[in-house]
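Each chain carries a letter (A, B and C) given by its place in the written order, and its residues are counted from 1.
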Amino acid sequence: MAPAVRLHEAVALAGRFPLLAGASLEVAEGEVVHLRGPNGAGKTSVLKVLAGLLEVHSGEATALGRDLVADRRAVRREVGMLGHQSFLYEDLTVEENLRFAIRATKGALAGIGPALEQLGFTGRLASIPLGRCSAGQQRRASLAVLVARGARLWLLDEPHAGLDQEGRDLLDGLLAGSRAAGRTVLFASHEHERAEAIADRVVHLAGGRVVEPAEPVAAPLQVAQQIGQRPGTEAPAHVA
Amino acid sequence: MSRAQFSPPADRAGFALRLLGATALVGVAATVWLGLFVTPPDRFMGNLVRLLYVHPPMAWVAFLAYGVAGLASLLYLWPRTTAPHFDRLAGASAEVGVVFTGLTLVSGSIWGRPTWGAWWVWDPLLTTTALLFVLYLGYLALRRVPGDFHVRARRSAIAALIAFVDVPIVYFSVDWWRSLHQAPTITAGRTYVHGSMAWTLLLGFVSFTLVYIWLMAHRYRLAKLNEFEDAEGLEVALAERRAEAVTG
Amino acid sequence: MLRDAVLVAGKDLRIEIRSRVTLNQVGPFALAVLLLFGLALGPDRQVLAPASAGLFWIAVLLSTVLAVQRSYAVESADAARDGLRLSGLDPAGIFLGKAGAVAVQLIVLEAGLTIGVALLYGARLSGALVLAAACAAGTLGLAAVGTLYGVVASGLRTRETLLPLLFLPVVAPVLLAATKAWDAALAGTPGRADGWLDVLVVFAVLYIAIGIVAFGPLLEDE
């Protein structure tokens, strides 16, 4: 079965600076993958490439069967992205935001109700302008958009950040139910314990590349020892 | 989309280019000498006519540069080749063009002062030239914004075409505006150009065009050198980035 | 494309109705411009009244810059273009929608400015049909060029200063033609405005067409 996501020696640039310097990655459908790495390692860039936002300078990149090098616009309707900033409008209510987002992707408006319920936007809460909601609620609204759009590939950048406890549990529940829902998820997070509890596997990024073959989750200490043992590296190894 | 592979251009200008520069210089010098000393003063305009050998050629170059920049921008976008030389051409032409546009405005203003007693008249051609000047400046400001080569090139090319299309509209509008007011224009009171004056004028046009081409060639080379430096820098940057993974 | 345009225009206008920024900020700004012109050129109405048309349209041009900047500011600040690109909307539709919303806001503004010009400068409002036609055609042209340059500037750090520099010279013909059309109407000779109205229509059609084609590529540039 074709992988949901495939990168091979992908290079992506911002002006002269290589955000990705030859990243290779494969994710099967329904997997939940945790992207780990220090700041500036390229986690956000991987997500943006897969969302079709960032151009691939060289190498291969496909998402949901679509070639991102040839045409990166086509994939955007089928992908759901959660960035550092919300892509929602402050002056519109949660419901209006959802309605706009769904109609933009020509999706089914019927999905709005269930999405609002699932993310805890019941009653009056759905009718408040987004700007007046708390940061946690705004984040949850972005998640509601993802759910309502029914995207098959979720790209989440620090999804836990800004969420309250209830929100985090909701998110974890959503991620856990991904495989059943036929959804592939890649997320970047610094909250390692939580992430490793829900992720199927971990991918480490550093210097714009995937620095070790994606393997089942290893304990942090083992990872550090592996890095330290690789020839040409200096000790002490950092834990990514 | 493939990236153009940059090969380093020669570091020193070739012989042909230097010959061109020398010729242009001689031509301009000759024009000035002839214009100032050899040709007779005009019956009506007196010595002011000597500006005629310089001002129209400069205006011609200003608009030629504008045309070249527009055409190059179009060619960069249209057959979808996104060939870098068209972008370099457009940028170089704009830079040379803005200089000549400025000179045209100054010389036109100098001509206007004794003729109509004002440093500026809203003549259609002069006004269009003034607007062209500002459009150039806007375009150059946009080009100066840092970014990926092809991103910047495409953005500049589209902006150039937006402005390019506007200039005829401006000229037409201002011309009509002026015709309603029957005010003096630079083309009114045309003087009869003959003999040595005609030759000097022709020489002026030719030599300024040569200057344009010479400046363009150098600016183009400079752009190519800059890009080559950038491309090399990319290799270095890639290596450094990968090294991050090892040393953390 | 048109469906997306209506969707985007509706969204922008709904945001404006909610937040009333154009009404509360750009409106007073335009009024202030009229007042300042009055201070600079007045108080003699013999001087101001004939200049009404030009001053009106300069106020409109400056307000367009603000309206366009606001139009892009609502798109979640720095992530503006990302949001629009991810939305899955047709870029030409986004262009028409945004330009349309800006145009609607400007027309409302112009209504207010017309009253202002009549009051402050003593302009006699005759030839209403020509006044309205010039407003309609001129505004469409302004909105189109503004939205186009707006997307160019929106991704750049120097956007606040770059937008006016790019926009204002290009719309000089609109200023000229619209002012002349208004002059003809205000002077009681609306027939003389015909040619100028043609210029406005040509300009608007031209730049709407350019916008439909060019907006997508401009939006993509990171």
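List of remarks:
Basically, a residue touches a chain if its C-beta (ideal position, glycine included) is under 8 Å from a C-beta of that chain, and two chains touch if they have at least 3 such contacts.
Because the structure is predicted, anything quoted here is derived from the model rather than measured.
Among the other chains, the CA centroid farthest from that of chain B is the one of A.
Ranked by how close its mean Cα position lies to the mean of all protein Cα atoms, the top chain is C.
One inter-chain figure worth recording: chain A and chain B are separated by 49 Å, centre to centre, where each centre is the mean of the chain's CA atoms. Work out the mean CA point of chain B and of chain C, and you get 31 Å between them. Between the Cα centres of chain A and chain C there is a gap of 39 Å.
Looking at chain A, one finds that residues 14 touch two or more other chains.
Taken residue by residue, chain B touches two or more other chains at 147-148, whereas all remaining positions touch fewer. Counting partner chains per residue, chain C has residues 222 touching two or more of them.
Of all residues in chain C, those touching chain A in their complex are 4, 7, 11, 14-15, 18-19, 74, 76-79, 82-83, 85-89, 220, 222. The touching residues of chain B, when paired with chain C in their complex, are 77, 131, 134-135, 137-138, 141-142, 145, 147-148, 151, 154-155, 158-159, 161-163, 165-166, 169-170, 172-174, 176-177. Residue ranges of chain A in contact with chain B, taken from their complex: 11, 13-18, 21-22, 38, 40-41, 57-58, 206-209, 211, 232-234, 237-238.
Chain A contributes residues 14, 51-55, 73, 76-77, 79, 81, 83-92, 96, 100-101, 103-106, 129 to its touches with chain C in the complex. By the touch rule above, chain C contacts chain B in their complex via residues 145, 148-149, 152, 156, 158, 162, 165-166, 169-170, 172-173, 176-177, 180, 195, 199, 202-203, 206-207, 210, 214, 217-218, 221-222.
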